[in-house]
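Before any comments, here is the structure.
Labels for the chains are A, B, C, D, E and F, by order of writing; each one numbers its residues from 1.
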Amino acid sequence: MDKSALQKGRAYAAQNLTPNLEEILSERYDDLVPGMSESLIEWGYGRHYCREGLDAKTRQICTVAALTVLGGHTAPQLKINIEHALKSGASKKEIAEAIWQMAVYGGLPAAINGLNSAKEVFDAQKT
Amino acid sequence: MDKSALQKGRAYAAQNLTPNLEEILSERYDDLVPGMSESLIEWGYGRHYCREGLDAKTRQICTVAALTVLGGHTAPQLKINIEHALKSGASKKEIAEAIWQMAVYGGLPAAINGLNSAKEVFDAQKT
Amino acid sequence: MDKSALQKGRAYAAQNLTPNLEEILSERYDDLVPGMSESLIEWGYGRHYCREGLDAKTRQICTVAALTVLGGHTAPQLKINIEHALKSGASKKEIAEAIWQMAVYGGLPAAINGLNSAKEVFDAQKT
Amino acid sequence: MDKSALQKGRAYAAQNLTPNLEEILSERYDDLVPGMSESLIEWGYGRHYCREGLDAKTRQICTVAALTVLGGHTAPQLKINIEHALKSGASKKEIAEAIWQMAVYGGLPAAINGLNSAKEVFDAQKT
Amino acid sequence: MDKSALQKGRAYAAQNLTPNLEEILSERYDDLVPGMSESLIEWGYGRHYCREGLDAKTRQICTVAALTVLGGHTAPQLKINIEHALKSGASKKEIAEAIWQMAVYGGLPAAINGLNSAKEVFDAQKT
Amino acid sequence: MDKSALQKGRAYAAQNLTPNLEEILSERYDDLVPGMSESLIEWGYGRHYCREGLDAKTRQICTVAALTVLGGHTAPQLKINIEHALKSGASKKEIAEAIWQMAVYGGLPAAINGLNSAKEVFDAQKT
């Protein structure tokens, strides 16, 4: 590996998602958990999203599906990842379809809570 | 809707997955729960997989991701859906990547159990 | 089957629960997920609640128990189903008992969050 | 309270479920966790199943529903409680219906794993 | 056992946690579920926290870890137990570390929601 | 940081747990998911277990508690971490107590399945 996982994760997040994501996390969490922001970028983005073998858009749609079945208590993370899915090229339609399909696997309550999160993100972007 | 959801689900399952899926389910469950097989085909396939707006391959990869984070106790369903994902055009690589990424959202144990299921399916197909 | 599952579900929801349930769902979700309201009525009510073999009141109490152990993130659905359980003839006592018993299977936090939801529903009905 | 919760739990388990349940638990777990069997009987049966306000049969059906949505990893407990539900007067039909309905709330995989557990219990009783 | 589990639980809660914990619970829940407060003190504290073999501080840190992986929907209970962990001698540092480590087992969303709960408790104590 | 997280994780696993853990993982998973073993060592051990602020023994007991409430489907990981807890200086007593306490938070089925896993590990070490 030419670049470290941390370097790759930083580049991925900056180019594709939110340029100052690590700073936002650092300001919020590093005082309590030193190195948390760096560790999250390395693991989540350097070690997963910038891997080969599955395109970023499909990865993000999978994340939306998974956070939906995990239940409404991950709503903050679901909303962030719906935004990331849009940035990765997924349409609102594709995102809504992936969420609704989860009714089959995680039950109706999880899917409905997921749709509610999607509506909040989509509505916020209209204004 | 020209065709009913049940008719559409039957056509989808027969063409894309397992021709006699409804029969297999019926033989196993309809004695205990009358109409279970019909209901599953209508809801799962007629009402979800054959919807527009998200391609079947991505739908199946999302299902694999979701069953991974739901935990190893859905291993039987995960293995069936890994087979369905292959039939929908997903490569082994794409499936393995979607599973491993779930370590970020559902934790390492869920992801490792998911990889173990994938290995079982892939190994069984080699023989 | 003389009537389709969709027709049976519509009749069940209208007579026993909320006359305009499908409309409420349609207005909120069908723009994002075409056919969602119809599909939910067909599956949830046509394919489940109006089945034979278990009375509607017990079905609703089971749903309250299940949503309790699934955790507080399904609180919106739990509250709706507590209302539906009352409409199906369950007493407040029976509902509270079913929730509290879940402490044994889902742990104290899930049961306490369930009781909090019940209190909210019962208090709202007093006013 | 005239009798302690422990005394009431012991009487309930002996009369309604398995006469030597506490002994079975004690032999298996009390060496590792002193007092575990007594504590389980007190909490589970003395503090819950023998409460007033909800009949024992409905309590057991609720437990079957809850263990179904909690997922297949509680299969050993689900099977024991299916047996307890039968002893409490629930029919096989009622048990199967409560399990299958959980497809709506916990998803199809949980419901199917629940039906598989029920089939195992019912089949074992035929022989 | 010289003292009953209920007596031991009452003494533990009064000395180590919140002197009037049973009263608070009773006022909130006993009308709906008679005996709930007594039962919770007996089971949670009499039957668990005042057991031998593991010190109270480690027990409380384990509880914080467990409520973190169970997900953000147990946030009210997590916050109470973070307070109880502080009262049992755990430092803020130890609590934050136990929560963050759960990213490995329950995924990043659960750990981040756990840290958010810890920040709320720690911030409230500063004022 | 003088040493990278990967280097620190490798040193931690080799000294405290299983000298060839990375090799075992690599042989099993790296063909399917290139770099999986390295990534797991870096994240799990380099980024978590060798952090300051909470001793290794308490970290391992927390992991045992968390895997218990996550449910029996993580039994393979629970058993490995019970072994790791023993290697980190926890007694069998402490491990059993941490597991049984989880009955309060994750329900009796999760705690009982956890005790069963502990018994398997402890029994295997006797022979």
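Going forward, contacts are C-beta pairs under 8 Å (C-beta built on N, C-alpha and C of every residue); 3 or more make two chains touch, one makes a residue touch a chain.
As the structure is a computational prediction, the values presented were derived from the model and not from experiment.
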Report task. Return the chains common to the contact lists of chain B and chain D. Result -> A, C, E, F
Report task. Report, in degrees rounded to the nearest 5, the angle of the rotation taking chain A onto chain E when the C-alpha atoms are fitted. Result -> 120
Report task. Quick one: point me to the chain whose Cα centre is farthest from that of chain F. Result -> C
Query raised in the report: Among A-D, C-D or B-D, whose interface repeats D-F's (more than half the contact pairs identical)?
Result: B-D
Query - Copy pair chain C, chain D: interface residue numbering same or different (half cut) - result: same
Report task. Could you tell me the distance, in whole angstrom, between the mean C-alpha positions of chain A and chain C? Result -> 31
Query raised in the report: Approximately how many whole Å separate the CA-defined centres of chain E and chain F?
Result: 23
Report task. Can you check how far apart chain C and chain F are, centre to centre, with Cα atoms defining each centre and the answer in Å? Result -> 39
**Report entry** Junction residues of chain C - those touching two or more other chains
**Finding:** 43-44, 51, 67, 69-74, 77, 96-97, 100, 103-110
Query raised in the report: How would one label the connectivity among the chains shown: line, ring, star, complete, or other?
Result: complete
Query raised in the report: Quick one: in the complex, what on chain C touches chain D?
Result: 43-44, 48-49, 51, 53-54, 58-59, 61-63, 65-70, 74, 77, 93-94, 96-98, 100-106
**Report entry** Of all residues in chain E, those that touch chain D in their complex
**Finding:** 4-5, 35, 39, 42-43, 47, 51
**Report entry** Of all residues in chain F, those that touch chain D in their complex
**Finding:** 71-73, 75, 92, 96-97, 100, 107-110, 112-113, 115, 118-119, 122
Query raised in the report: Can you name the residues of chain D that touch chain A in the complex?
Result: 69, 103-110
**Report entry** Complex contacts: residues of chain A adjacent to chain E
**Finding:** 29, 32-33, 36, 40, 43-44, 67, 70-74, 76-77
